[in-house]
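Just so it is clear, A, B and C label the chains in written order, and each chain counts residues from 1 on its own.
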Amino acid sequence: MQTKTIRPSKPAKRSWVSLILTLILLSIVCFVLFKLQGVQNQLVLRIARLCAINITLALAMNLINGFTGIFSLGQAGFMAIGAYTTALLTIPASKKAMMFMLTPLVKPLDTLTLPFGLTLIIGGLIAAGAAFLIGVPCLRLRGDYLAIATLGFSEIIRVLIMNAQSLTNGAQGLKSIPSNATIWWTYGIAFIVIVFMALFTSSSYGRALKAIREDEIAAESMGVSLFAHKMMAFMLSAFFAAVGGGLLAAYNGTIGQDMFRVIQTYNVLMIVVMGGMGSITGSVIAAFIVTIGQEWLRVLDGPINLGPIHTSGIAGMRMVVFSALLLIIIVFFRNGLFGTNEATWSAIGGRLSALAGHKKRGTAE
Amino acid sequence: MATFFQHMTNALSVGSLYALMAIGYTMVYGVLRLINFAHGEIFMIAMYMVFYGLAIFFLPWYVSFTLAIVITALLGVAAERLAYRPLRDAPRISILISAIAVSYFLQNLATVLFGGRPLTFPQVPLFTQIMTLGSVRIPRLSILVPLITLVLLALLMLLLKRTKTGMAMRAVARDYDAARLMGIDLNFTIATTFFIGSALAGVGAIMWGMKYPQINPTVGSMPGIKCFIAAVLGGIGNTAGAVLGGVVLGIVEIMLVALWPSLSGYRDAFAFILLIVVLLVKPTGLLGEKTTEKV
Amino acid sequence: MRKKVLEINDVTMQFGGLIAVNNLTMFADYQEIVALIGPNGAGKTTAFNMITGVYKPTSGHIVLNKENITGMRPDRIALRGMARTFQNIRLFKALTVMENVVIAQHLRLKSSWLGATARLPRYRAENRIMYERAEELLDYMGLLDVRNEIASSLPYGMQRKLEISRALATQPVMLLLDEPAAGMNPAESLDLTRLIQGIREHFNLTILLIEHHMDVVMDISDRIYVLDYGNLIAVGTPDEIQANDDVIHAYLGVDENEA
């Protein structure tokens, strides 16, 4: 994965090499995905898909928290919007009629079903609209006030979902969501989001966002409209968070307001922090590490027989170990894997040649 | 009239509980400029401690209350020592994330140690008895909670104004770097702040448990966020403001539901709406001081 | 005939009970170098912050090229041709020298965010021009060799120069320099003096600067305004200011050794 910046001073040869390497990497990924599709092991398939969904979710958060430097904790709310939109627009009419027992679903949603991809976009657009309404008051706030205000709105969205019985089925949640989140959908969307992020963050608009992150007052004095740019990042982030939420709904099959508590935001935040706030490659790699790692730590929940130590299995132990590991990362390696850097081919090449003992001047960005 | 009185005492006791916890937020924010996201989890642990003391080990209520308060206070100090102190010179965002991670960790830890199933907080009749005042019947707790809060606030004020440690705490809150240069022992002062703040959260948790007797590992997160809001409402960093903010929040929540019962499902949203209104109208809170960033 | 680029009429800034700037009236003609001096706390930086929109004046008007910019947002004012540097350098620290200068041209970008993300031909052309212009500018300022360095890794003097480069990249008509020679030795400040005169000619700029180095001020200013406790106490050419008793009393007398 590589981000390209158009620079006249950069030798053309290097970008050709990068392009070829990127194409090779892509074909390997496609090959692996093709193989995965045929895998019979449902667990492997589930984890693989969850990795891709987490990439989408982490990049959505990284755009606002990492690249723009705005500490927003509203992600779970936007995910909920996407999840409920996709659920309501893909569950077949007969199943809806069975689920909404207390109060019937409002028209025309009770019979309406739409193609999966379209529902993701609709969910994203609704979330972006909500982000606009939330952003108007919140984006003027500074630092931790903004964090707590966005967290507040995320909770308000959840409370609204819980109470809107005729739209969301309230506390009962929604079931029988068609499992559209296949390998191809999840990885296809993750790929689109990665490419979008790479192109957007290296564009002039992305640079303006980084300028805001570095120094708001200087950025504004250089003509960067703080509100417009923050709003752009906030709405785009909400859009992708909702797309991720929609995928998660299709992946899970059932959703409820309880899924979208603040802890959901924290889960994604941990991926972003681990990869490095402001690094696309960092988020992608951390999404794999965290998703697979959480699964791998599942052994801790089962019975343990280590010589004299016997435990009969404690549910939740893996989350304790996992959160302790995260705490250690934050305290001792607070820049995460990559900081604000990207693993570009030239950076990797630089590392390799440094390892090989060449005293070449680093071109790492 | 009688129902109004009942609602009002209820509102005041809820408000006082918010106030006790808001003090912890405001004190920590004062010295470290940190929203201590883990404060709600400290509160949750205190409830479990009391549960264990009373329902498992059958200790007298005063012993288990004291133990719970001391343990939570030490837990707050430990969190500061392990997760915040190493990041004191890091960007503020790092320490905020660290606080979130501590809260996440404590929730997971509580799930393993105490189980995910909700437990019932044991009742102490001395506090929960119903009293009759004329035609009004109220739990003794509703009267005790505001009284205890007032006494603790008075003690805290005395500590801040009269003792050397209290003055050091105020100095650090006013100007961190200058305080350090003046030879104030930062580590001790900050640790004390966490000790007191967490102890107050412990007191709050005990009374909260008697009022809303259900314990689970996430029981602290909602009161936690609300009490931070109360602290912002009153003017973050201002102790009296935290108490005022807590009481205002309690009254708004209880009275809105009392007047319009159909709103009860939205009760948890009030605090956030109030927060956003306050931040827009008077960002420094009711009693906060105005600051301008130097350019 | 010269035209007035910047006009400040009766501007007052009050913070609570403190009057930081009191009824300030001043102007700067096209291609003029005007200095704003005064002891610490005289209200010079506050005046800058009002002119660039960081603070909203309590009363009065600020006019740039016949347009009233009083109370406008800083980015709108920058778009109308006002650029500035900061007393305590405010670079985009973690970004490269090149990026710092390229970002400052973002305000002139015409492509939309979608066009930019899709790398449409128009954006590509605009982006190429932004980089070319940045290279020219860095070359002119003598920073081309360090263009790929991280801004915060530069030595202090270069950071000051980079801040000026970044301000110039916004294509201003009016440049505000807040203590550009702070922390420089006499040789460096002489260099800076030549540089400021050079950029005035090269970019057809009107320059307003705050400075404590009296040799710099007296050397390059066409006119000088002196502030003391928020009040304007003198205006004139360097010679007139040096002969002004009030100024000597309030400022130069105290600062003789440094001058």
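Assume a residue touches a chain if its C-beta (ideal position, glycine included) is under 8 Å from a C-beta of that chain, and two chains touch if they have at least 3 such contacts.
The structure displayed is predicted, hence computed values, not measured ones.
Farthest chain from subunit A, going by mean C-alpha coordinates, please.
C
Can you tell me which chain is nearest the middle of the complex, judged by mean CA position?
Minimum centroid-to-centroid distance belongs to A.
Could you put a whole-Å number on the gap between the CA centroids of subunit B and subunit C?
48
Taking the mean of the C-alpha atoms as each chain's centre, how many Å separate subunit A from subunit B?
32
Let me have the rounded angstrom distance from the C-alpha centre of subunit A over to the C-alpha centre of subunit C, please.
Comparing mean C-alpha positions, subunit C is 42 Å from subunit A.
Name the residues of subunit B that each touch 2 or more other chains.
If we look for residues of subunit B contacting two or more partner chains, we find 295.
Can you tell me which residues of subunit C touch two or more of the remaining chains?
Correct list: 54, 86.
Touching two or more other chains, which residues of subunit A qualify?
Residues 217.
Which stretch or stretches of subunit B touch subunit A in the complex?
These residues of subunit B touch subunit A: 34-35, 82-83, 86-87, 90, 92-94, 96-98, 100-105, 107-109, 111-112, 116, 218, 221, 225, 228-229, 232, 265-266, 268-269, 271-273, 275-276, 279-280, 283, 293, 295.
Per the contact definition, I'd like the list of subunit A residues that touch subunit B in the complex.
Residue list for subunit A touching subunit B: 69, 71, 137-138, 140-141, 143-145, 147-149, 151-153, 155-156, 159-160, 162-163, 217, 261-263, 266, 269-270, 273, 277, 314-317, 319-320, 322-324, 326-327, 330-332, 334.
Okay, in this complex, where on subunit C does subunit A touch?
Interface residues on subunit C, with respect to subunit A: 52, 54, 73-76, 78-79, 83-84, 86, 90-95, 99, 102-109, 111, 113, 116-119, 123-124, 126-128, 130-132, 135, 147, 166-167, 169-170.
Quick one: in the complex, what on subunit A touches subunit C?
Its residues touching subunit C are 6-9, 196, 199-200, 203-205, 207-208, 210-211, 214-215, 217-226, 232, 340.
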